[in-house]
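Mind looking over this structure? Questions follow.
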Amino acid sequence: MDDDSRTTRWEHRAEVPLAVASMLFLTAYAIHVLAHGLPEAWRDLCLAVTLASWGMFAVDYAVRWRLSGQGHRFVRTHWLDTVVLVLPLLRPVRVVKVYEAVQRRQGRPRLSLHARVITYAGLSVALLGFAGALAVYQQEHAAPGATIRTFGDSVWWTCSTLATVGYGDVTPVTAAGRVIAVGLMACGLALLGAVTGSFSAWLLQVFSSEDERRAAAPAPDERPAAPPANRERPPES
Amino acid sequence: MDDDSRTTRWEHRAEVPLAVASMLFLTAYAIHVLAHGLPEAWRDLCLAVTLASWGMFAVDYAVRWRLSGQGHRFVRTHWLDTVVLVLPLLRPVRVVKVYEAVQRRQGRPRLSLHARVITYAGLSVALLGFAGALAVYQQEHAAPGATIRTFGDSVWWTCSTLATVGYGDVTPVTAAGRVIAVGLMACGLALLGAVTGSFSAWLLQVFSSEDERRAAAPAPDERPAAPPANRERPPES
Amino acid sequence: MDDDSRTTRWEHRAEVPLAVASMLFLTAYAIHVLAHGLPEAWRDLCLAVTLASWGMFAVDYAVRWRLSGQGHRFVRTHWLDTVVLVLPLLRPVRVVKVYEAVQRRQGRPRLSLHARVITYAGLSVALLGFAGALAVYQQEHAAPGATIRTFGDSVWWTCSTLATVGYGDVTPVTAAGRVIAVGLMACGLALLGAVTGSFSAWLLQVFSSEDERRAAAPAPDERPAAPPANRERPPES
Amino acid sequence: MDDDSRTTRWEHRAEVPLAVASMLFLTAYAIHVLAHGLPEAWRDLCLAVTLASWGMFAVDYAVRWRLSGQGHRFVRTHWLDTVVLVLPLLRPVRVVKVYEAVQRRQGRPRLSLHARVITYAGLSVALLGFAGALAVYQQEHAAPGATIRTFGDSVWWTCSTLATVGYGDVTPVTAAGRVIAVGLMACGLALLGAVTGSFSAWLLQVFSSEDERRAAAPAPDERPAAPPANRERPPES
């Protein structure tokens, strides 16, 4: 319990610096990659900022590990944090959590699980896609025989990869670019799983609530009875 | 309650003009894009009709927003209407709703949820695909180095995108064409989710109804007992 | 009831001729398309056999429609039969039904729903894929600028389409070939839905049966209690 | 019962030799394919080791078939073993089972079903993908007109196939390579099904546990009640 409260206090204190760090991380990396006209010194500064913000995530992870007092189990029980450590671009996804906490304090109902899943998946994929496009562009744009020559090409290729469409009109040709591409494909698979899974789960929920309503309405003329509590049903337009 | 009844009255009155407007919208846009032989004045007229019908959707949305008295929450609770406002091509999908209302008035059971999901998804995808093919064709057919040169190419490309197959034999090369393409990819993902989710939900429903039937039938020889109410089961041919 | 029994009698009588017809249909079409060395007369004979077997399906459909006495509703309630009429290649899928009937008569349990879904989906996709490869080959192999030049190319293209992979190294270029391709893409989507949906439904069933078993076992040491009736669980190797 | 205990004893005794054999199988095959500089005699030795380890799997399968005393039914009830016999590369997947047995003996809870599904699917796909990349490379790298010329190309092509992305920048051109490719596409479909299905099942479980918690908490202000037993919920970071 004591550890828990100390963890909570740490998280409260670290919230704002880490949010700033994650935004710095992405912005500095984007400038480092895209701003070709910038003097070398500025671009090196950007790289330094990127690495420094990554360092802050590592410190946060280490502190929480120690406070948890869980030893090796921490990595498993906090696997999402571990993923965020390795891919710090997912950090801004925590914004959803902050928004939810604010909502709850104001007495409003939390976001429904569907909305949360879609928001998380959408934000994660958008951020990872942007970072992937940056990284692939950095690896590819100067390679011999490359087809990804502009950042626009890279974004276009990223979108077609994440949707598992894969036109193949532009593709990475370097080894590093292809390794990043495989990571993006995995994200695409996960995105597909999230979209499909949410849809399937939502349909099943609507089914069962409809079945209950029918069971509650004894008349056989299928007149839709006034549901006493249909907060699970999304608003129909 | 008063607001609700006024909203209902508005919707009843606006039903027919909006249905006409949505058909006009798609037809006028198709003529504007495809009829190259037409005099310029006629094509401008078509564009004007397209914009005018879009204006009607905006007016309808504004009136219903005001009648609802919900303020900002309206956008969230009526998100489907908001989507329809931005993508007016989805308007004809409301035909399903009208058809259902007619069915119910005649005492017939409503379409099952599966049939509704498949009908909505199929119609939406067909209409969005048609509109996407039109828009991509408009952007691409005169671009230098384009591979999408005829409307047939555009339809073929749209189909391979929506099915997430993505051959890549013809692909958009302009920035505007690629932005539309990303929208179509998102539709393809959603379509995949709808097909998969419906199938999964249907299977689970059949499972549980079969389990119940087995539990109801005490004999261990697995003779299928006459189900007292199997209206969830689709008709087997 | 009288209509039902007459329908049943008709189905019993028509079973064998229709099974023969469906096999003839596919074989004759394959010979017509693939056997280039055959004299023209033989190939015309094959085409005639193909059309004649299609005619038999139409007759069967008409007879059952009339016997059902359902009017327009027949098309909706027997939609699978209607699909089989339009795509007679799905006819052999009925073999699964015959096999099941035989199994049941011998007192063995029916195929589980998962096995049935996978068998139906697998057989349908294999047959439709074979027919699609034949039809695309027929349309494409002599077209100017075609990349599908051999039947092997056509099969390879069909597989990459059905799996929604879509390499695009060989693609149809004629309008007719592309229309068939769109049909195959739809099959690919449905196959994906069937595979994913079955998997998801199976997982959920295993979950719930595991939850029940845990609830039944009161000891907290999570020793797997001997399940009294776990016939839903697939055999673990 | 007697057969069961003998089967169990056989499995205990065969565990270690078979694990060694499966590792030998993959290693020897990889050396045979990739080590071009090796003298012919060594490469032949590797091939012999590959075949010998395959022979061990066949012997194990035969012994267990006989011990089971099930006749033809064995193939059906132990379909996973049959698959492993045909694709011996899946053998290392059994490592998960061994790990689980160790965990259980130490009184720790077993891996959750989601973790097991993801671990199995991930390991199977990684091993099959590696083997597929090896086999395709062996078939393609010396073929005329081949685009898969290095093992790196082959791995890249395998990843894009398994994710059902399918860029098509490198594709197999030989008949044997394409047959292996179709097998990998099937794995890709299954992987997609596993990812999507797990996600969907997990979401549904979270839904239902949340509904129960809400039902347990009588206050209407939606304050999340302390769940008495939420061991199904994954840890939230």
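Every chain is named by a letter (A, B, C and D) in the order it is written, and numbering of its residues begins at 1.
Simple rule for what comes next: contacts are C-beta pairs under 8 Å (C-beta built on N, C-alpha and C of every residue); 3 or more make two chains touch, one makes a residue touch a chain.
No experiment lies behind these values; they were computed from the predicted model shown.
The chains in contact with chain C as well as with chain D are A, B. Between the two copies, chain B and chain C, the Cα superposition rotates by 90°, quoted to the nearest 5.
Centroid distances from chain D, each centroid being the mean of CA atoms, peak for B. In summary, the pair chain A and chain D forms a contact in which the copies contribute largely different residue numbers, shared numbers making up under half of all those used.
Between the CA-based centres of chain A and chain D the separation comes to 28 Å, rounded to the whole angstrom.
Chain centres here are Cα means. That of chain B falls 39 Å from that of chain D.
Multi-chain contact residues of chain C, defined as those touching 2 or more other chains: 164-168, 192, 196-198, 200-201, 204.
Of all the residues in chain B, the ones that touch chain C in their complex are 152, 156, 159-160, 163-169, 191-192, 195-204, 206-207, 210-211, 221-222, 235-237.
By the touch criterion given at the top, residues 164-168, 196-197, 200 of chain B touch chain D in their complex.
Considering their complex, residues 77-81, 84, 107, 109-110, 113, 117, 161, 164-168, 171, 175, 178, 181-182, 185-186, 188-190, 192-194, 196-198, 200-201, 204-205, 232 of chain D touch chain C.
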